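Chain IDs A, B and C follow the sequence of writing; residue 1 opens each chain.
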Amino acid sequence: MQFTKTPIDARMKASRSRCKATAARFFRRAKASAEPSLRVLVVMVLAALLFPRGMAAQTAPAATNTCVACHATQQDQRIATPAALFSGSDVHRENGFKCADCHGGNPAATDKARAHDPAQQFKGRPAGQAIVGTCARCHSDAAFMRGFAPRQRVDQATEYAASVHGQQLAKGDHNVATCASCHGAHGVRRVSDAKSPVFPTNVANTCATCHADTTRMRGYKRPDGSPLPTQQFADFQKSVHYATLTKGHDLAAPTCNDCHGNHGAAPPGVGSVANVCGTCHAIFAQKFGTSVHKDIFDKGCVECHSNHAVLKPSDDMLAASGRGICATCHNADDKADKGAAAAVAMRGDIERLKTGIERTGALIGQIKKAGIEVSDQQLALREAGTKLTLARTEMHAFAPPQVATVVAEGDTIIAAVDKAGQNGVVELRYRRRGLFISLGAILFVVVTLGLKLRQIEHRA
Amino acid sequence: MADNFNIPPFAASHFDRRTFLDALLAVGFVSTAAAIAYPVARYLVPPASGEPATQTAVAGRVGALGLNAAAIFKFGSKPGIVVRTAEGEIRAFSAVCTHLDCTVQFKNDTSQLWCACHNGTYDLGGAVVSGPPPRGLEQFVVNLRGEGNDAEIVVSRS
Amino acid sequence: MNLGTWLDERLDLSGVRHFIAEKGVPVHTQKIWYYLGGMTLFLFGVQIFTGILLLLYYRPSASEAYESVQFIVTQVQFGWLIRNVHSWSANLLIGLAFAHFFSVFFLKSYRKPRELTWVTGILLLFLMLGFGFSGYLLPWDELAYFATKVGTGIAGAVPVVGHFTLRLLRGGDDVTGATLSRFYGLHVAILPAVTTALVALHLLFVQQQGMSVPLSIERKLKPGERLPQMRFFPNYILRDVLAWYVVLAVLAALAAFYPWELGTKADPFAVVPPGIRPEWYFLAMFHTLKLLPSHVLGVEGEHLGVVAFGMAALFLILVPFLDRRASRGEPSRAFTVLAVLGLVYLVTFTIIGHYAK
């Protein structure tokens, strides 16, 4: 059988006719055949009885795909498992591809020698660069892929060659990941399939299979000579990104490939970390780009926020003393340290706005419970909250006057709400005063009535 | 009651306490009655805001919104945004960004709703286009009450 | 020609004139208690008046009730005043109703021939409690929601008919908008109708039979001797009006110094706030039920408690028929002791219930 890339219908038609021809040939040679052929015969007869209409690619095991028929029955799991996997959920099988389409050989042959015939381009188990070549033969062919998944990219192999994995593989290191390491080889699922190892929530686990394995990663070094770390996955699991992805079920959150690349996987160069973070955190990257730290920080965003263990930020980070991150380089006690002064100024502004919002919020809550209409004030408090968030964003330009401007806008809003709140308190006092006056009138009547009673009763 | 019915109380040679007391009593009753009647009368007059704005709110008039423009309005105690598309259709959404509760705004160059805090962007269906927001903006039902440019834009929750 | 003469020419008012001119009220040391009934009636009038005003703006649906009360209090002119008066007056009304009840109980005014006045009165007391319970839920705030849940749950503890009663009260198995609708109907239609009828009867009996003289004082009278009488009009009326104005003053003071707050909107899925308890007039009963052991002689404690309260209510209704000695005009120490015990129990358990965690 030729190893060919013909459309599915043609192949199916060819399969069916080959099925009949094979069966005919086989019966003629039955007696002279060896043991394996007998096993195959039994399976084939059973298959023919159970699936009389011939082999559609989706039903198991194809009479013309003798590979699966034979491999599935083997004792050795290294041979049986791929066949079983391929017969299950596999995107290639579902599109009509068979073992021979990747491995070569003769899928119609019923004995091992003929099935594994090198003359029929049988490759056996590809290893190293051969894996990439096997996948790339189709997946890098734009015209071919257009027939199956027009939007899918066809440059993965090129990207891979540029990646650390690809470069290592080219040097003969078979320890690194290849296509099959992440996507699987048999039982390959679409990326959008939640059970795929490269579905966004699974990517980190897949990468960690190797990168968190200290034994496997032993001997690998960074460009500067230090050993390649293996705690990235553990760090990532502490991060906000991981929590958003796994608990928040927000697939927009980044995982390994979003920062390191899919196939061209490499750590972003130190100069480009801000760009990488900036693909999503655009405003922060833009503000940071205008700041004094841009040329000073080696690692950009990572200096303060870490690369894998990106935690939820808090205002406590903005301090040049104690647990503040600024304290790493700046010293609040040093009067000449302008950076420390800036940190203190910005933090002071932010804290002032924060406490202002809390205090005014409490006042508004109090008069709301007492029965004053405050929906306008609640709206304004929300705006003040927006200003607070904007101030924290602005802080990334590390320029106190800019933060002060935003905070001042927030302060103006708070002042107005406060005034309305005080008006509310005044209104409550006015109500009380009105009732007091009514009370006076009522008591006046009580006294007068008492006097009147005394009057009529003394007359009697 | 037989004496002093001609002479006004204060002009009498001796002060008539009884009628004075009656007068005081009358004043007392009238003032307390007024103190009750006045608030009740004011209470019965419908207030300016009409009815509690739980399910619906008025978001201004059609004439106030140009094409490809938007305005923030108050829906209960939260902000909403009413948008008039370039084709003249009026839509309303919650203006509370689903990321960190900042108030979104309308960008008329891209005809999208945008949050200045962390660059979240929503399309005119409320769906997230880019940025950190985890969910789209809640869309409200819009009805018009009245005719032409004077029509009131009535926004309701469902 | 004055109004009186004009009406007299059309409707014969001579009976009314005679009644007003001749009616007297006995004068003695205990006559202060006479005013309690009128004060209760006055507050009931205040409740009807402010209640009608409130229902012009109130909306009895789970999604709008709280907001409508918020609207009344913040947007409607003097809405806060009407609502405050209604809430405080409700509490004062029940307080005065209990005071009136206890004064009659102690003075044995229920004895023959005033048994029916007592029966209508006891039923009115229960109706007032019903008004309080149904009205409390209407703002649909957190405390009210859970208090209603607990209260209707206790109703469900009555043996045999408990579950049916619970479903009848709640309009379902849980406290929902259906409960709110039901309570609203009870509060503004059913209870007012029944109460009006009973109040009419109660007043009719009182006017027909006149004010009762306390047993102890009556017994000191020599045969044929009559107590001095105070003229109903204008003396007693003026005193009555004075009492009403005193009540009004207390109302105004309470509304001024302790304005009623809005609370937070009910969330059926929220956790029950700790220390949830009903309004003060149910505290004694509630706390008693809480203190009962879970099982007494094989019977569930709560069932026993509810049945006991039911028996107590029945006993109260039947007091005039059970107190034979008072009906004969003889001193009835047993019932005085019972009254004292009842008062002490209610006051003590209300206080304990208030301060209990």
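Assume a residue touches a chain if its C-beta (ideal position, glycine included) is under 8 Å from a C-beta of that chain, and two chains touch if they have at least 3 such contacts.
It should be emphasised that the depicted structure is a prediction, and the values quoted were computed from it without experimental measurement.
Enquirer: If I average the CA coordinates per chain, which chain comes out farthest from subunit B?
Expert: Comparing chain centres, A lies farthest from subunit B.
Enquirer: In terms of Cα-based centroids, which chain occupies the most central position?
Expert: Answer for the innermost chain: B.
Enquirer: Averaging only over C-alpha atoms, locate the centres of subunit B and subunit C and give their separation in whole Å.
Expert: Chain centres of subunit B and subunit C, defined by C-alpha means, are spaced 38 Å apart.
Enquirer: Would you kindly tell me how far, in whole Å, the mean C-alpha position of subunit C lies from that of subunit A?
Expert: Here the centre of subunit C sits 64 Å away from the centre of subunit A.
Enquirer: Roughly how far is subunit A from subunit B, going centre to centre by Cα mean, in whole Å?
Expert: Computed from C-alpha means, the inter-chain centre distance equals 44 Å.
Enquirer: Got the subunit A residues that touch at least 2 other chains?
Expert: As it turns out, subunit A has residues touching two or more other chains at 374, 438, 442, 445, 449, 452.
Enquirer: Among all residues of subunit B, which ones touch two or more of the remaining chains?
Expert: In subunit B, residues 32, 53 touch at least two other chains, as defined above.
Enquirer: Can you list every residue of subunit C that touches 2 or more other chains, as numbers and ranges?
Expert: Counting only residues that touch two or more other chains, subunit C contributes 75, 81, 245, 248.
Enquirer: Any idea which subunit B residues touch subunit C in the complex?
Expert: Touch residues, subunit B against subunit C: 32, 39-40, 42-45, 47-49, 51-55.
Enquirer: How about subunit A: which of its residues touch subunit C in the complex?
Expert: Against subunit C, the touching part of subunit A is residues 368-374, 428, 431-432, 435-436, 438-439, 442-443, 445-446, 449-450, 452-453, 456-457.
Enquirer: For subunit C, which residues are in contact with subunit A within the complex?
Expert: For this pair, the touching residues of subunit C are 73-75, 80-81, 83, 234-235, 238-239, 241-242, 245-246, 248-249, 252-253, 255-257, 259, 261-263.
Enquirer: Taking the complex as given, what residues does subunit B use to touch subunit A?
Expert: Subunit B reaches subunit A through residues 17-18, 21-22, 24-25, 28-29, 31-32, 35, 53, 74, 76-79, 96, 100-103, 116-119, 128, 131-132, 134.
Enquirer: Please name which positions on subunit A make contact with subunit B in the complex.
Expert: Counting only subunit A, the residues touching subunit B are 244, 248, 250, 252, 280-284, 374-376, 378-379, 382-383, 385-386, 389-390, 393, 437-438, 441-442, 444-445, 448-449, 451-452, 455.
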